[in-house]
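Order of writing sets the labels: A, B, C, D and E. Residues in every chain begin at 1.
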Amino acid sequence: MFAGNLTLTVGDFRMASGDFRFDSDGVTALFGRSGSGKSTLLRAMAGLDRHTRGQLRFHDEVWQDGRRGLPAERRDIGMVFQHAALLAHRTVRGNLDFAATRAPTDRGAAIDRDQIIERTGIGPLLDRAVGNLSGGERQRIAIARALVGKPRVLMMDEPLAALDWRAKAELLDLFETVIRDFGIPTVMITHAPAEVERLADRVVFMSEGRVERVETLKEALGRVDSPLFTEEGPVASLDGHVEHVDGDPHRLRFVTTPQTGTGQPVTFHLGADGSTTEHGPRRLRVRADDVALARKRLDNISMQNQLPARIERIDTSAPGRRAVFLTLDDGQRLVSEVTDRAVADMGLDAGQAVIALVKSAALAR
Amino acid sequence: MFAGNLTLTVGDFRMASGDFRFDSDGVTALFGRSGSGKSTLLRAMAGLDRHTRGQLRFHDEVWQDGRRGLPAERRDIGMVFQHAALLAHRTVRGNLDFAATRAPTDRGAAIDRDQIIERTGIGPLLDRAVGNLSGGERQRIAIARALVGKPRVLMMDEPLAALDWRAKAELLDLFETVIRDFGIPTVMITHAPAEVERLADRVVFMSEGRVERVETLKEALGRVDSPLFTEEGPVASLDGHVEHVDGDPHRLRFVTTPQTGTGQPVTFHLGADGSTTEHGPRRLRVRADDVALARKRLDNISMQNQLPARIERIDTSAPGRRAVFLTLDDGQRLVSEVTDRAVADMGLDAGQAVIALVKSAALAR
Amino acid sequence: ATITVAIAANFTKAAEEIGAAWEAKSGHDVRFSFGPSGKLLAQIQNGAPFDAYFSADTDRPELLVEAGDARDFFVYARGQLALFSLDLPVDERAEAILADGDFRYLAAANPKAAPYGLAAQQVLEKRGLYQRYRDAGKIATGESITQTFQFVTTGNAQLGFVALSQLRDPESPVAGKGHTWMPPAEDYDPIEQGAVALTRSEHPEVVDDFLTFVRGDAGAAIIAKYGYDTP
Amino acid sequence: MTLFGIPLDTHPIWLTLQVAAVTTILLLLIGVPIAWGLSRMRSRWRVVFEALVSLPLVLPPTVLGFYLIIAMNPNGPLTEFLGRFGFDGQLTFNFAGLVIGSVLFSLPFMVQPMMSAFQGLSEEVLDAARLMRAGLLDRFFSVILPLSRQGLLVGSVLTFAHTVGEFGVVLMVGGNIEGQTRMVSIAIFDHVESFEYAQAHLLSAVMVVFSFATLVGVYLINRRFSARLG
Amino acid sequence: MTLFGIPLDTHPIWLTLQVAAVTTILLLLIGVPIAWGLSRMRSRWRVVFEALVSLPLVLPPTVLGFYLIIAMNPNGPLTEFLGRFGFDGQLTFNFAGLVIGSVLFSLPFMVQPMMSAFQGLSEEVLDAARLMRAGLLDRFFSVILPLSRQGLLVGSVLTFAHTVGEFGVVLMVGGNIEGQTRMVSIAIFDHVESFEYAQAHLLSAVMVVFSFATLVGVYLINRRFSARLG
């Protein structure tokens, strides 16, 4: 758990978080516009700026109390900076070693170094000097370095910005593994709602140097005016897992995890997705734009997923447009965005049973 | 037009482009995995590495001939580096001035400085030192600086990586304006297929230090195995423009531009899209995943766009999946991805007339 | 006319007074260049624009005469060696103190560089002490007689061979202080300081006038005042 | 002029400041390009040149001065060589001599810090300047030097301070001629020789105070400048 | 020992190298922390300290030496102060004196380049090291110093070379005692003074060649090291 209230003035910019408090387990996303103070808050939380004032507790440890801050080197944080911040006088391996040799030995079994190297794809770079790596290579090394240090908390400032989608996908898998299997609390800054929806358990929204609100991912996805939606419109995120269809290695489906005792799992047929590399627990991300509604099942249409659902409520998402929140058989929520006219024509209203049509769904990444 | 064949060895990495030749007007995207040599090729083209060898011509100017390269400062290129590369001893304004005072005066009317500052949103930063800007701020300044220099060619290395989606959208608009209105040939590296589809006229695919192929955007989007598709599957990109529906400021539609003499414009109703800021010529990006097929129009379904189309051909896009290439009434192409089973059940075949169902479409960004 | 005269550093003070007196009398101007004799010689050999050279020894000026660069050699002063200590009673029992060697450092000028150093060496050799103190590392060597003097007057060396002129100077920091012993004159070769007129001079008559003044009574009086014997 | 009742000959002070200023300026003109050339040199010979630059330091100043007056002897090859280009003066025992000696001796103080500053420059930023059409000279003055100002500062301060205090070389090459080439360092030496300790102390104090004030001023300006640019 | 038939007293050579080495090492121990402290100092007094560091340079070496032997004379306050801690020796005219004098005089050569190296360090990289649990000392040795090695190199080279060639201070403070504190610079000077030009040239040549070889070696090592790290 992180709780506190931090202020930090850098030049003309004043970050005054206001009181905040959120669980630290899993992934916390810091989300906000460029210049809103995300990096500044992260630095203040890490104890990197001695002008930081205020309060910060991590569980029952006091990290900041007034002027007094616990030295950054004793907070046990693995950090991935926005610009990698590699040690220029060491090779790639030397950078990893730096972190590894300073990791507590009693956290021995935590994360396997070889696995980290493999998953970040930096094996061939190990003996290279860090001065002349490509942008993406630098970033992957920074991530590997943070992980081999076996930190108690992982903090990352836009760790995936410089990467191509495949590297992104692999690293997202890695993050998920690390965070799920080894339970490292993670705070990450990202500009991509898709990353938030894939990884985050909660979202800290920042704006003009202030923590505007902290919401669980469900809450953040449950209101139509969520900042996460300004780009692509409302999105739903469903928990479940990936499995093969009839043992065919090329056909995959996503089976949701019921959220209520009486709920039934719902199955989605997955579209072609280059990132579908692993099975096991995952999240499915469904844009409201991609969900159509019908009164009954339709035949003779290439629509694979026709799911019974009940309308929970209908909100206005934009002028002339409605967000229809649906509850599936498993108790999870799906959102469909339709025009005012469609709502009127079809006579849609809360409580009705409808069919949600999802052509094919993409795994959140 | 760029034509040449460049080699450049940096450390263990050898970039040997092989012969390439492409028109320079409009936007050329350099696309490839991390470490494939995109930045290296761009640097070689800009004349920044004196170890560059080979040939390069820009129209009828020789930029490289064997060992002899035209000095970078005389190539008249505006460059946006992956890490901004701002002049640390000058303020933001000083950085712009540096470029502006060295711009040729006879290119006076080209791009309006104030407009660039406004569109990049750096107005409030003008008197700041560049040492303590946020990641996104630095990047926007680098872009503004490249533009105020009124270059003949614009080269950009992942200019949008560090930005939030709104800044991205604004800058994409700016790029489009600049490139369209002032005809500045642009070569840009990006990892985002969506950016390619939105901006590019052609794509240079790189892999392991080699130019693998150069294709027009249409060609690149016309084959199912395009590297652009590995992430999200096939995508179609349609040319047209945005307009209001019945003068209602909140309802927008996209009207395509017929590509053949006899073609008819096709209208798409647009989904909620925070980036729909401008009217005028744009591109519409439609993922094959989002296109369903039906034999006839459907009623009582919240599907806004039901478009008559003819099946051009059916390719296998992935095991068990088919990409159905469709021709719309305007002569432009749409792609739908469906399962083998759907093709069999519905008896789809080349030449048939079908209805393409697109729930709502997103503008490419 | 203005002439430039190179003066061995130990003669600085006397030269300034002589110069002022001569300027008043002759109406000409004289500028001095003070420095260690050896440096001045090297400078003269390499084209320094000096009209006359006052060395701290006789070998150097003679060398110039032999080379045809100088004329009219004469001895302008004869230095006297003194053993000085701030607290050891050398005035009473110098021989015993020297023989005991019950001091940490004895300062003397470098015999290679300064005539006073050679004289000190001769005084010690006469008593069979030189080799002993040298091997024991007890001799702190000043590059010039001034440094030697500083070694002693700052207390870093308990005693040292200095020039009597340094003790007699009314402005000497140790005037009237400490203990002084004058070794017998026959214990060391005379410390004769020779001067020459340089042939490159453009004003030989003026130089001659200056040198004549130095040799004259007025000059001799000033020289004697600063603790030198005059010939 | 008298200060605290003690006579003070101001000529050596002005001369010293002039020599130090001219030396610093000349070393900026000579040393900075040398440092730049060396810092960009990729050849294996570079280490040799780097070592050469520091060599003036390893000889005792008076000995260096000794060799210098031999080399610059009016009948020597250097003066003769210059004579062919119409030079009919002398290189030693005048202002020129003082400056030549000081420049040579302080060369490492300028070149070494500048080299390390130049090596620390970001290639990408220089590339950015090139692409903004800045040619080499333009780049040098508008980007390279401003970004290397820490090195410029260190080099200039060491050069200036060292020239003010230097004694051996200027004594040899300048000749300590009263009113012409007598620098403060030699004047202090002369005062000590003639037991004018009060004047020696005063002159030392004047130089220390003046130099201190100058240095504080330089550092203050640098601080302002740096603060403004973060 | 004779070389080319010319007698060569090797003691001053060894002594000089020892003093230069010890001075360089001591200045690394003293000067580097001073430079670090100054480079991190945010107070307005910083400029004053920066200026103070360079002051030893502005006094002529022999004058500085003169003041030093006054300050360190065996009856003076400094020796007396040390006496309270059981020190019963003398500070001047021995190896210690040579080193003290050299350290003081070369202080600016070490501090200035190191300060500018420290100021050029990337804050973010230091932050990264902190978060990898490196405390200040750890950071200093494993990150700060290696990244400042250009400054270390410049500082060490200037200090070493300058100590080898320095004459005035070591003459005064060392007392030029044959076989004990006579350094090469003084030996060369003596040879020149006594017209032993062959020996003077030989000794100069030996020092120049040796120093040159040392510097080339240092630069070569640095080059290897830098090349390995790009």
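The rule is simple: a contact is a pair of C-beta atoms (placed from the backbone, for glycine too) under 8 Å apart; a residue touches a chain by one contact, two chains touch by 3 or more.
If you're wondering where the values come from, they're calculated on a predicted model, not measured in any experiment.
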Chains touching both chain A and chain C:
E
Touching chain C and chain E alike: which chains?
D
Determine, using the mean of C-alpha atoms as each chain's centre, which chain is farthest from chain A.
C
If I average the CA coordinates per chain, which chain comes out farthest from chain E?
B
Where the CA atoms of chain D average out and where those of chain E average out, how many Å apart are those spots?
20
Could you please state the distance in Å, as a whole number, between where the Cα atoms of chain A are centred and where those of chain B are centred?
26
Between chain E and chain A, distance of the C-alpha-averaged centres to the nearest whole Å:
56
Chain D touches at least 2 other chains through residues 62, 66, 186, 189, 192, 230
So chain B residues touching two or more other chains come to 11, 83, 132
Residues in chain C with touches to at least two other chains are numbered 42, 150
Can you work out from the touch definition every pair of chains that touches here?
A-B, A-E, B-D, C-D, C-E, D-E
In the complex, go through chain E and note every residue touching chain D.
46-48, 50-52, 54-55, 57-64, 66-67, 108-109, 112-113, 115-117, 119-120, 150-151, 153-154, 157-158, 161-162, 164-168, 184-186, 188-189, 192, 200, 204, 207-208, 211-212, 215-216, 219-220, 223
Contact residues on chain B for chain A in the complex?
10-12, 32-35, 39, 82-83, 128, 132, 134-137, 140, 157-158, 161-167, 169, 191-193, 230-233, 248-251, 269, 271-275, 289-296, 298, 300-304, 317-321, 336-339, 342, 345-346, 357, 359-360, 362
Please give the residue numbers of chain B that touch chain D in the complex, ascending.
43, 46, 48, 71-79, 81, 83, 85-91, 98-99, 102-103, 129-132, 145, 149
Which residues of chain E touch chain C in the complex?
62, 66, 69-70, 72-76, 90, 92-93, 171-172, 175-180, 182, 186, 189-194, 196
Mind pulling up the chain E residues that touch chain A in the complex?
122, 124-125, 127-135, 138-139, 142-143, 146-147, 149, 228-230
